[in-house]
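First the structure, which I've put down as structure tokens, then a few questions once you've had a look.
Note that the chains take the letters A, B, C, D, E and F in the order they are written out, and that residue 1 is the start of every chain.
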Amino acid sequence: MKPEPRSTHFNAAGEVHMVDVTGKDITVREAVASSMIRMSAEAAESIKRGDSKKGDVLAVARLAGISGAKWTSHLIPLCHAIPIEAVSIDFDWMETAESAEFQGSSAWTLRCIATARTTGKTGIEMEAMTAASTAALTVYDMLKSIDREMVIHQVRLESKSGGKSGVFLRESSE
Amino acid sequence: MKPEPRSTHFNAAGEVHMVDVTGKDITVREAVASSMIRMSAEAAESIKRGDSKKGDVLAVARLAGISGAKWTSHLIPLCHAIPIEAVSIDFDWMETAESAEFQGSSAWTLRCIATARTTGKTGIEMEAMTAASTAALTVYDMLKSIDREMVIHQVRLESKSGGKSGVFLRESSE
Amino acid sequence: MKPEPRSTHFNAAGEVHMVDVTGKDITVREAVASSMIRMSAEAAESIKRGDSKKGDVLAVARLAGISGAKWTSHLIPLCHAIPIEAVSIDFDWMETAESAEFQGSSAWTLRCIATARTTGKTGIEMEAMTAASTAALTVYDMLKSIDREMVIHQVRLESKSGGKSGVFLRESSE
Amino acid sequence: MKPEPRSTHFNAAGEVHMVDVTGKDITVREAVASSMIRMSAEAAESIKRGDSKKGDVLAVARLAGISGAKWTSHLIPLCHAIPIEAVSIDFDWMETAESAEFQGSSAWTLRCIATARTTGKTGIEMEAMTAASTAALTVYDMLKSIDREMVIHQVRLESKSGGKSGVFLRESSE
Amino acid sequence: MKPEPRSTHFNAAGEVHMVDVTGKDITVREAVASSMIRMSAEAAESIKRGDSKKGDVLAVARLAGISGAKWTSHLIPLCHAIPIEAVSIDFDWMETAESAEFQGSSAWTLRCIATARTTGKTGIEMEAMTAASTAALTVYDMLKSIDREMVIHQVRLESKSGGKSGVFLRESSE
Amino acid sequence: MKPEPRSTHFNAAGEVHMVDVTGKDITVREAVASSMIRMSAEAAESIKRGDSKKGDVLAVARLAGISGAKWTSHLIPLCHAIPIEAVSIDFDWMETAESAEFQGSSAWTLRCIATARTTGKTGIEMEAMTAASTAALTVYDMLKSIDREMVIHQVRLESKSGGKSGVFLRESSE
């Protein structure tokens, strides 16, 4: 009989612990995560104007994402602190079909892609996920006075490499 | 001519600042935010088993969400530190139609609802959003060894009350 | 039937939450906590020499205790962040009878007393307890190269005042 | 003449510094520390009920202990930040003789054992001590509404291994 | 005989404590601090180009200064955590005479002005000083690959108001 | 044509990122930074008295500097967290000519020298700079009740070694 799949964060007694990685190999590991923020045309315009002026929402969100990566091991209870050797945050705009949620006005979607690298004993997925999530929350904070209804969606891992579990690459599906 | 809507986090020169709230009234304010995590049946089973044993994914995520609320002013660059006087995190399961993303297997969606209250000069929306987001990231971390494809979606503000801008209540739409 | 006593940190469903204090009165509150460190004569001498030179173990421990008080709401998961308006840390030496643990040599006990005050909606007991505990851990860290066997004992609340639950004063008993 | 034993945290001038470990070997190191919390029968019952329901004091304390280990280098002033590669927290109940302190009622003692591992240049004793101490403080916080008189005692190092100073194993004595 | 002036951070025994402010009045308080960074023409050019592109050194430094203000109570050991209700960071360029230090090339000086406000029981000078200092350190970090010889000078309080000690306004002198 | 010098913290698109150091060699690196605090004779006397009593301003500032080094990667947005393996903070007094700023009274200058070492992939300059800066801010905080006009000046890198960019040694010039 196949055993039930089980989170590695629990021991045999079902209690949480920080997984022992002392015996694991040190390798270069990379993770890419993304998040999306769907917003009104008004909010999107506000960001785009910022690209050519000084009031740059994305510059603030990018720094928040990088800082967020550095806070990961204090935010996520069972996460190891690992040497974060590179973080970058990229943004692009995606077309969104008209949506009921925005009551007929065409909505915009901003995508945030966070890439992080380490040379260590365990993966850097949570740092990339936290960076993508923190950047999106910061966009929300910057623009909530314009559009309180913004929604963050699709925070997810896009790919990872390095370590014993090998390469993961999400099949695109949306 | 109507002025362009503008994030309050920028001054007239387009530079970011922490908004001056010294003159604002102190009132009781509440915010409710939610997040959803879509996962495979296998991952959902793993959580549900935990409800009756000691290895409880949701208990860990709940604590992470509460801690996340307390970290908000350090994570979100222009956020004020306010007195967080109550935080609670609730979870429920939602039915999800069969989804292409999970390749025919029926997927499950866990919803996290974070409620936060303050007696202060500015709202507590970002604390509720950060709590909901951190709880969801923690669920991901706890179960990524079972289902790396989990997706966090719909991190959003459900309602807020208190303060000059009054009550906000999202019209449900998805 | 008398209900079972129950931690206020759990809701009716048995789930943790940060207790709602929005409706509580703001009053001046004080708490005093203490800790003791039992150590070898050699370690005690090392501290006492420091009192008259620059290498002052207690000065380091005193600062660590004050910083520890400021970290309380991040260390103790369900603790509210409150305005810490005063912290002081005092040390004195207590006579200890000869102890089996120190194999016949006379042992010394250093007592640390932490006093903290707030004007707020909830008590400052945990800040005083954390300060006393952190100061003791720092003494251990400073002297572990001399006496690894040191023991911290009797971390406890001595008194509290302010708030609806009124005054608590421990009856001395050891 | 034998020189006086001296804390390695002081330099020749008696001033504190963070000890230089650049030249030390990288080895696997482990430390085990423990703490005890003596409490009333009522408080002990409250924990034990939790083991079979969702309101689980020990689950909260366990997570707080693991987080506490990760905060050690910021709490203990002269402590190095080292890669914490494993942390686990175990609890067990110990029999306690009737005690004057609890006025005739039989008291219970909960023991917390924290085990931490690193692969680094300096030992992980302080992380284990801080984990054991933070877990105990959290038990106090969770149950202080039931029993404010609880006492944390015997926070101490049980064993360490790895590094030049070799193995330490406390002779049990209490 | 006039008593020796004495830091309020020491008690009568000469030991540090966090000053008790429970009895002080709550008033609006403001502090302005400044810092200067002297740099080569090359480094100054690099910043100025950034004003019109996206790679904006000052935007990064401004955010770091605001974050620095929020970290003050954890960085400065005896500082109270107070409600920071407004922070802004402004930069301007000052003419500098040719300087020996830059070997004949004309040097540039960037001035950073940090303004912070609170409604509280104690002043916000340290938050303004820490903001000005952190912003300057960040400029150094961003440009050290171009000019490692940059010097931060004149970190100082420019003015403060509010509280019992009244208004302070530095007489300009340099 | 020689390209414009460019901060390594920007990518080709002019956006900030945390520089990728995964491929860099691990070497022992050291950095020395200094800061100066110019103060009135009264403030200087207050410190000097402390050298022989318990109320020791420099002991507090030394610890704050060491802690500051450990906070660097959270304060400076694009800084990597590196293993800080040694930090020391030294103070000495420098003669200062009579200065207009102190209105005829002879002023004193305290110099703080921070030395930090790592075995890592990137340099430790920012840790040394932050330590020197934080120590100076703490001196200001401790003595601002005596001399609010104190000025921190000359926060600068004195030397660095290790890594591909080799040795840097500032030519003394002031």
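Here, a contact is a pair of C-beta atoms (placed from the backbone, for glycine too) under 8 Å apart; a residue touches a chain by one contact, two chains touch by 3 or more.
Composition by chain, UniProt nomenclature: A, B, C, D, E, F = Cyclic pyranopterin monophosphate synthase.
Because the structure is predicted, anything quoted here is derived from the model rather than measured.
Q: Quickly list, by label, the chains bordering both chain A and chain E.
A: Per touch definition, common to chain A and chain E: B, F.
Q: Indicate the lowest number of steps between chain B and chain C, counting one step per move to a touching chain.
A: So the least number of steps between the two chains is 1.
Q: I'd like the angle of the rotation relating chain B and chain F after CA superposition, in degrees, nearest 5.
A: 180
Q: Which chain is most remote from chain F in terms of Cα centres?
A: Comparing chain centres, B lies farthest from chain F.
Q: What chain is the most remote from chain A, judged by the mean position of CA atoms in each chain?
A: C
Q: Quick one: report the Å distance separating chain C from chain F, using the average Cα coordinate of each chain.
A: About 33 Å separates the centre of chain C from that of chain F.
Q: List the centre-to-centre spacing of chain A and chain C in whole Å, with centres computed as mean CA coordinates.
A: 39
Q: Suppose each chain is reduced to the average of its Cα coordinates; what separation in Å results between chain B and chain E?
A: Here the centre of chain E sits 34 Å away from the centre of chain B.
Q: List, in ascending order, every residue of chain A touching at least 2 other chains.
A: As it turns out, chain A has residues touching two or more other chains at 15-16, 54, 59-60, 63, 67, 71, 74, 77-78, 81, 83.
Q: In graph terms, with chains as vertices and touches as edges, which category applies: line, ring, star, complete, or other?
A: Here the contact pattern is something else, fitting no line, ring, star or complete shape.
Q: Who touches whom among the chains?
A: A-B, A-D, A-E, A-F, B-C, B-D, B-E, C-D, C-E, C-F, D-F, E-F
Q: With touch defined as at the start, can you tell me which chain A residues reach chain D in the complex?
A: Per the stated touch rule, the residues are 11, 15-22, 73-74, 77-78, 80-83, 121.
Q: Can you name the residues of chain F that touch chain E in the complex?
A: Residues in contact with chain E: 4-10, 13-16, 42-43, 45-46, 49-50, 53-55, 57, 60, 63-64, 67-68, 71, 74-79, 100-101, 125-126, 129-130, 133-134, 136-138, 140-146, 148-157, 160, 168, 170, 173-174.
Q: For chain C, which residues count as touching chain E in their complex?
A: Interface residues on chain C, with respect to chain E: 28, 59, 62-63, 66-67, 69-71, 81, 83-90, 117-119.
Q: Which chain E residues qualify as touching chain A in the complex?
A: Spelled out, the residues of chain E in touch with chain A are 51, 54, 56, 59-60, 63, 67.
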